[in-house]
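Structures given as structure tokens follow.
Across the two complexes that follow, chain A remains constant while its partner is chain B and subsequently chain C.
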Partner chain A sequence: MLAYIGRRISIALLILFGSTYLTYNLAAYSGDPLAGIRESTDPKKEAIMAELSRFYQLDVPPPARYFLWIQKIFGIGTGQIDFGLTAKRLSVLDEISAAIPTTLRLVTVATFLAIILGITFGVLSAIRQYSRLDYTLTFLSFFLFSLPIFWVAVMLKEYLVIQFNTFLEDPTINIVSNLLISAVLAVVITGFVSGTRKRVLITWGATFAILMVVLQIASLISWFRQPSLGIFGVAILGISTSVGLTHVFAGLGNKKALYAGLAATGVGVAFYYPFGQIMNASGNYALFGGLALLMLSMSYFIGYFFTKIDKGPVIRSAMLSAFFVSFFVVVDKFMQAWAPYYTLTDGKPMQTDGAYNLTLETNDFWVLNLDLITHLALPTLALTLISFAGYLRYSRASLLEVLNMDYVRTARAKGMPEREVILRHAFRNSMLPLTTLVAFDIAGIVGGAIITERVFSWRGMGSLANEAIVNQDLNLLMATFAITAFLAVMATLVADLLYSVLDPRIRIRK
Partner chain B sequence: MKKTMIKGFALVAASVLGVTGLSLAPANASAANKTMVVQESNALSGLNTAVNGFNLLTNSDVLGPTGAGFTYYNNKAQLVRNTAFGTFKITKNDCGSTPSFGCFKVTYTVKKGLKYSDGTLITAQDLLLSHAISSSDYSIKAGLGDPSEGTAKFDSAGYGGAYDDHTRAESFDLSDDNFSVTVSYDAFQPDWQVFGPGPGAVHAMVGIAKGKKTFQTARTNATYKSLFEEAYYGSIATLPSQSDPDYEDELGARDDARALMKKIAAKWSTVWNITTVNSSTNPLLLISNGTFRLESCTSTGCTLVKNPNGNIGGAPKQTGNLEKMIFKFTAGTLDDTAVGQAIAAGTVDIYSGAATSSFWSVVNNASGVTAFKGNVLTYEHLDLRTGNSIFPMAPDNIKTIEGSTVNCDADYNGPFAGNSQQAKDLRKAFMLIVPRQTIANNYIGKVFDPAFSGNSPVLNSLFSLTTEGDYAKVTAGSSAYLTDLNKDQTTRVALALALVKKYYPSAAAGSDSFTVKLLTSSRPSRVANAGLMTTEAAKAGIKVEHYIRSTWSSELDCNFFDAAEFAWVKTGLSQTGTNPQYESDGGNNSAGWNDSTLDTLLGEFEKLQTATSLITTKINAEKRLWSNYYSLPMYQWPGASAWNSDLKNILPSPLAPNVTWNYWQIGY
Partner chain C sequence: MAINSKKTKKAAAEVEQNSEVGKDVIQIQGLSQGQIIRKKFFAHKPAVAGLIFMILFTLFVFSASGIHLGSEKDPFTIQGWWKFAHTDTILTSDCPTGCPTWNHPMGYVPTQAKDYFALVMRGSEISLMVMVVIGSLGGLIGTVMGSVSGFFGGIIDAVMMRFTDFIITVPSILIGAVIGYRMGNLGVLPLAVFLGLFAWTGLTRLVRGEFLSLREREFVDAARVAGASNTRIIFKHILPNSVGVIIVSTTLLLSGAILTETGLSFLGFGVQYPDVSLGVLISEHQGEFIYAPWLFWWPGVIIVAIALSINFIGDGLRDAFDPRQRRQLKRKDYLAKTSTRDAVNKK
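After this line comes the complex of A and B, so read on.
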């Protein structure tokens, strides 16, 4: 095993050397770092060009200059690891260490959402193959997959920010708009329903009517300006989610699981007011994390003590319920922060660009985090919409393949409940091929999203790479490239190792 | 399923109903807005606007409102004197035919009583630093290294150019009251007004060199000022001969002075190169004399707030009610649609940059947004080679162009070589075929409106841009020389063909009588222009070979090419600024123009001019350029700005800082 890893790492180093050497030379030969100044009529042009030539070491040809770069990177001769300076004479290391957290914030949420949503809907799609749901999801995923991100971003900004902010000035929905919105939303929701035409029509009608009423009420009470769930809202949402989750993961027949879930939900609702008191405006992340941990561990023990046999599903049900009820409590807190946030942003709560609001003057924990969320919402939505299609199709195809296997037929034949067949036998095995995909995408997170970061003005790794390419900034470009390449090479190694862990048929041999 | 769904929606509906009991008080209207968010097209690279580096424009934009000096440029690109800070005038102008050091002097006087944000008095001692960072002679004589070898201790972008060439280490004379400084030159300086020194808080500089991290007392600051003055002059002191009894003492004093200057230089070159400013930043770094002061900076933006002490540093009196300015930086490269939408969404108040249709289409119809068509100081033009470039970029200029090996230094003997009548006629013929009007329409009119059908302004001068005040007068003066070039396309092509026929009697449309090797970058507009030129030239019997080169800018000096289309980017306006392009030995003359008559005419720019005489000088030089058909101006690049319509007194300027130059007038 160790010998295998050692061999793989040495090959990886060779690959890294080759790819960085190639990139360095391609980038160096692709343009002229002095091009900008050559076009200038600056009277000090010659002095500036001489200074820049010295700075970029242009007297050394790129194939040799690469070794000067690598020498500095490994600190050969100086003992000091040095990534050099950017074209703006800032430390490359500082720039990158500032960019990585930004990129992680932006891309991690989107990637994990895409993975979770993609796999969930992929599984649903596979279970209900050739149903209305399957067609709806297939259509949606291909439709979203084919949209270019820069266009999606522009549309989202126009309708979810500019128009939405205008709407918030007078948050009332007139009856015609309401009819239209409800009708369209009802069509989308009905797409998930299968069955006879009559059933579908009834579902559409009911959904339409409920949406109409809900939107009308929301409009009447200016809910969009002063949103809130209230303790009743949290309780109702929590209970319905708990029941739903128990239905999926344990079955409503498992009364213990159901009661454990409901009990956990009850604890969450009971915590509604105390939580608001403890996590007030001066709250912090440590306290927040502590409370979340407390809630989850409590729910674990609720599940643990509810039954003596087959604890697994009961604990899962309790913990999931606790997670969601806590989530609703937190959502409610953010909703309550919306009104002050609206005032602080001068009536423009939704933002088109940047990672946070530069003009915000507050120390309120909830408002500050709401600000992060309003900035994160659009790029995350855009990235998720576009990338979840891939996971959806992969997981659907993979699960379908597994469902046709003999052992699944055997499982069904021995009378195993369908839930068990899918969750325990088919789903786990169907996830194997996705390991490679997920490993690569997670490694790719650090590489950033050039277009998304640019369109939304996030200063992450993608922006840095873009800037480096445009400015012929070799030190910066090579640093971003080397990090991304290193992670990509490592991801293949990790994926291969994971395979051997996940699939007993695969063994790593020397 | 149906039942479950309905149940589900009922739950959602009920939960919404559950909140009806909550308070419904409307959100408060916010306090009157006095903050302006400015979008920059780049990011800050540090708080020093003169250190060697890549992008100092953003630094200057951000720090502009935090400082004030003797002059500023207005939106008509005119240099305006800021009398709130001080005055300056020529005190000696006696260079005659044999100029000597000190024959031309300018005296700068700082207004008495002005103070920095820390309360320290501004004096002429604060002007000394600007010479130390701009004079190579000072740097060498003070033992601070030779800037031309890259060893200068002040890592300054200020060295080089006419100021550096014509001043000496000893150029700065401080008056006895410490409020005036007289700058001596060794020749008359036509751009003397632009060369003015600016204030640099030298007491802070000394404090930082001494490792201080807090504001010092008034007494200490006064001592620091004197220390700086002593070090500044002490470093360049002439020593007596070694046999002199004072030699050792004076050497020691000079060494001490140099040691302090070196420390200051090292700090000057590094400590301001920060992009993060917060409450833990050394306050000495942030001492300024503008209306605003820098409060904080992060990688995404900088916040400037009004100086609590008021306007005490010599900035023009504030008439607008702005209290805070936030400069927002671009991550990576600017996405103009994103900026347009940010303005429409109200998260950015103002942006100014090059015009693009994507930006314009977003801001032009956005409600509450004022969109403005302007210009940037960049102009597109076509240069025709007449001889060998005198500044080959590399010793052996061997290049591979379109697969064949080319010696760029080989003598130029193409169709345009020399100043014979034939060469001039062929150059004129080639200029005539260029569809300037179509090109201008494509890159000005159609940028703002794809359906544009009028005529956009063609640039008719090489010395004045359309945004300069004297453009109309200059072009009127030389218009007789442009008659043929401004005729309609068909007539011009016919004229061109007639000229080609003089030397190639069989010339006709498509005859390829002679070939013009045209160099351009891969910029789409230039590729398209070259296409238009190829088509039009063919009608006059001229064959165009178009070379699209990514390394074009370093090949402008390659004698292989007959013509090149590119843009000159003006970084400032000065009387002599265009000379390097057209003088026979000019640093930007890559087309081998060698014309002693033109050199004499250009020499006039080196003399003292009034606004009126400058126009005449420009017209005379222009006439010579036109009659020899060296360079054809095409169009000035359009700019676009957009801002929150609630902002008052926004006057976009083609010069940086484009929209904040008059920060003291801006308000809501």
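After this line comes the complex of A and C, so read on.
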């Protein structure tokens, strides 16, 4: 295995070399950095051209110039990494290292959300094949798959952000819109319920009533301006998610799992006030990460010590519950930062452009991060909507494929509960092809970011690549190329290794 | 069984009748593979709707804006039935804001003095052509590479997969941008071909994955033991089983292709002036979303409609080709069928 990995890495390096060589020549030959100056009538034209030629090393033909470029990158001779200078004489390395975190922020959340939601709904759609839910999700996924992001973004900006900001000026919902919103949302939620018509109608009615009351109260106490969950809200949400997740992943019959999940939730709720004290306005990411880790490891041990046999589902239930209850606690903290943020942004809290607000006058950890979130919300929504469809389609198709297999029938025939059949037998195998898809998505991040960053005016890798193409800036373009290529190579390598580890049928040596 | 006895009896009677005459059996046996596929496809309503839309829309677009091929010096042009061309300058409109009128059904662009219907038709034409070129090139290369690589394995697989990795590392949108932006004067065809040459990687990996797992299955061993050649195993045994994956990913490729092209054009890197594409139109008019929404809506709606239809056609084809997939039974029909079987068995 080690030899295999070593071989793959050396091949990956070769591929990287080949692809950068190809793109370098392609880019160098298809553009003329002197084009702009060639047509000018400047009397010092010749001198400028000579200067530029020296700067771009145009006397060396591209196939050979590539080696000068790569030599600098590895710092051969100089001892330091040097990606060269941009057309504006800035260090490419500085530009890139400023852009990478921005792009990562833009795509990470969206990718994770898309994967998790896509798989969840794909699985739901597959196990309820040909149901109303399945048809709706299929249609939805096709529709989302057909949406051009640059078109959706313009609409989302107008209808979601600007209208929402307008709504916040007077955050009350009148009774008619409340009825409408509740009715529509109730239909959406009821869509996940299967069963007889009576059961569906009862569910719809109950959901409708609850939603209406909640929205009405929220509207009355101006909740959208000063949102918060409070310890009771966190507890209620935490307990219900814990019970729900246990029901899905372990079954409520598994009392150990249920108790472990509830215990983890209890710990989370107990941490509500201490967490607010520790992570106050002057909190930082290290502390935050440490607390999150503490919570998760604690829940692991809760799960571990709750039972002696079949620890898997119990630990899973405890950890998932802990994750969600912590999530609600954090959401609550952000909600408390909403009111000050609202005043700081002059009543326009949701943002359409840029990665963060430069003029925000605060040092509050929560407000600053809330600012990042409000900027991130729209691009994340747009990106998630679009890549969600792909994951949904593939996970549905692949689970259906596996569900048709004989070993699934065997598992059912020996009397296994359907939950176990799906989770332990079918689901794991069906997720194999998705490793490839995830790898591809990661490889395509910069390519996709070009459009997204343009639409939402972010300054990340995509906008750098964009700028480089327009300005015929070879050094900058090649730097973005090289990083994209590196990401792509790593992603495929990891996918292949994962695939061979996960699926023993696919032999890596042959 | 949760079904009333009256229905059961009736259904049972029908089955009895049918089995006496043997109508069912004869009908099923009489269908060829092609007929079964066609029948299944036409039973898939969204797919049929998508197909009809695509045919009508393509005819409409191409006949409206005419066909423009060949180079600038030696053009080959067939005039369309629409009175304006996308290059015509029209100085006045009946509506001062450029809103849709009888003369300009999709509006009028005051800043460019152009008829918007002509622009949209030309843009759709370009986008459709680019899409077909990318899709067919990518689909063909992807299927061949994937099946050869997955079936033969070993050194062939290793070399081909490394080549695929090599192509994956070159992001097609960046390549399209470099090619389209710097060589845009060559027209759309080179751009489309170039994008097609880089678009097959996803398909290849999926097809390969499918072949890799299918070739380990018993029926392939059985075919080999029976003396089938590699060609026969590939074409008769593995390919029909992976046709679903191929078709689904090719349709995804097609709908992805139109999104890639319009995206590139939106950025200003794809189709270049004086030609238009739906992406160019959206990019030009996104700022007018509030004041002249018709300029913004039409191209977007057309992109969505094309991509959606293709996805539906793909879904229909996959259902039709999948040999394991039987007719889609609705729950009600399924209950009726099982209950009649029970009724018959009881007898």
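Note that the second predicted complex is superposed on the first by the 414 of 510 C-alpha atoms of A that agree within 3 Å, B and C clash if a C-alpha of one lies under 4 Å from a C-alpha of the other, contacts with A are read in each partner's own complex, and residues count from 1 in each chain.
Going forward, contacts are C-beta pairs under 8 Å (C-beta built on N, C-alpha and C of every residue); 3 or more make two chains touch, one makes a residue touch a chain.
What you see is a predicted model, and the numbers here were worked out from it, not measured in a lab.
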| item | value |
| --- | --- |
| Which of chain B and chain C A:A50 touches, first, second, both or neither | first |
| Which of chain B and chain C A:M350 touches, first, second, both or neither | first |
| Which partner reaches more residues of chain A (counting touched residues only), chain B or chain C | B |
| Which of chain B and chain C A:V470 touches, first, second, both or neither | both |
| Which of chain B and chain C A:T436 touches, first, second, both or neither | second |
| Touching partner for A:T203 - first (chain B), second (chain C), both, neither | first |
| Chain B versus chain C as contact partner of A:V154, first or second or both or neither | both |
| Touching partner for A:R454 - first (chain B), second (chain C), both, neither | both |
| Which of chain B and chain C A:S30 touches, first, second, both or neither | both |
| Common interface positions of chain A, toward chain B and toward chain C | 30-31, 150, 154, 158, 450, 454, 465-466, 470 |
| Sites on chain C touched by chain A in the complex | 46, 153-154, 162, 165-166, 168-175, 177-179, 181-183, 201-202, 205-206, 209, 212-213, 216, 244, 248, 252, 255, 259, 262-263, 266-269, 279, 282-283, 286, 289-290, 296, 299-300, 303-308, 311-312, 315, 324, 328-331 |
| List of chain B residues in touch with chain A within their complex | 1-2, 5-24, 26-28, 30, 33, 35, 37, 43, 45-46, 51-55, 147-148, 150, 157-162, 164, 273, 275, 299-301, 303, 326, 328-333, 335, 337-339, 341-342, 344-348, 366, 550-551, 553-554, 556, 566-572, 574, 576-578, 580-581, 587-588 |
| Residues of chain A that touch chain C when the two form their complex | 11-12, 14-16, 18-19, 22-23, 26-27, 30-31, 130-131, 138-139, 142-143, 145-151, 154-155, 158, 390, 393, 397, 404, 433, 436, 440, 443-444, 446-448, 450-451, 454, 465-466, 469-470, 477, 480-481, 484-485, 488-489, 492, 505-506, 510 |
| Of chain A, residues touching chain B in the complex | 30-32, 34-36, 38-48, 50-51, 54-55, 86-90, 98, 150, 153-154, 157-158, 161-162, 165, 193-195, 199, 202-203, 206-207, 210-211, 213-214, 217-218, 221-223, 225-233, 236-237, 239-240, 339, 342-344, 346-348, 350-359, 450, 453-460, 462-467, 470-471 |
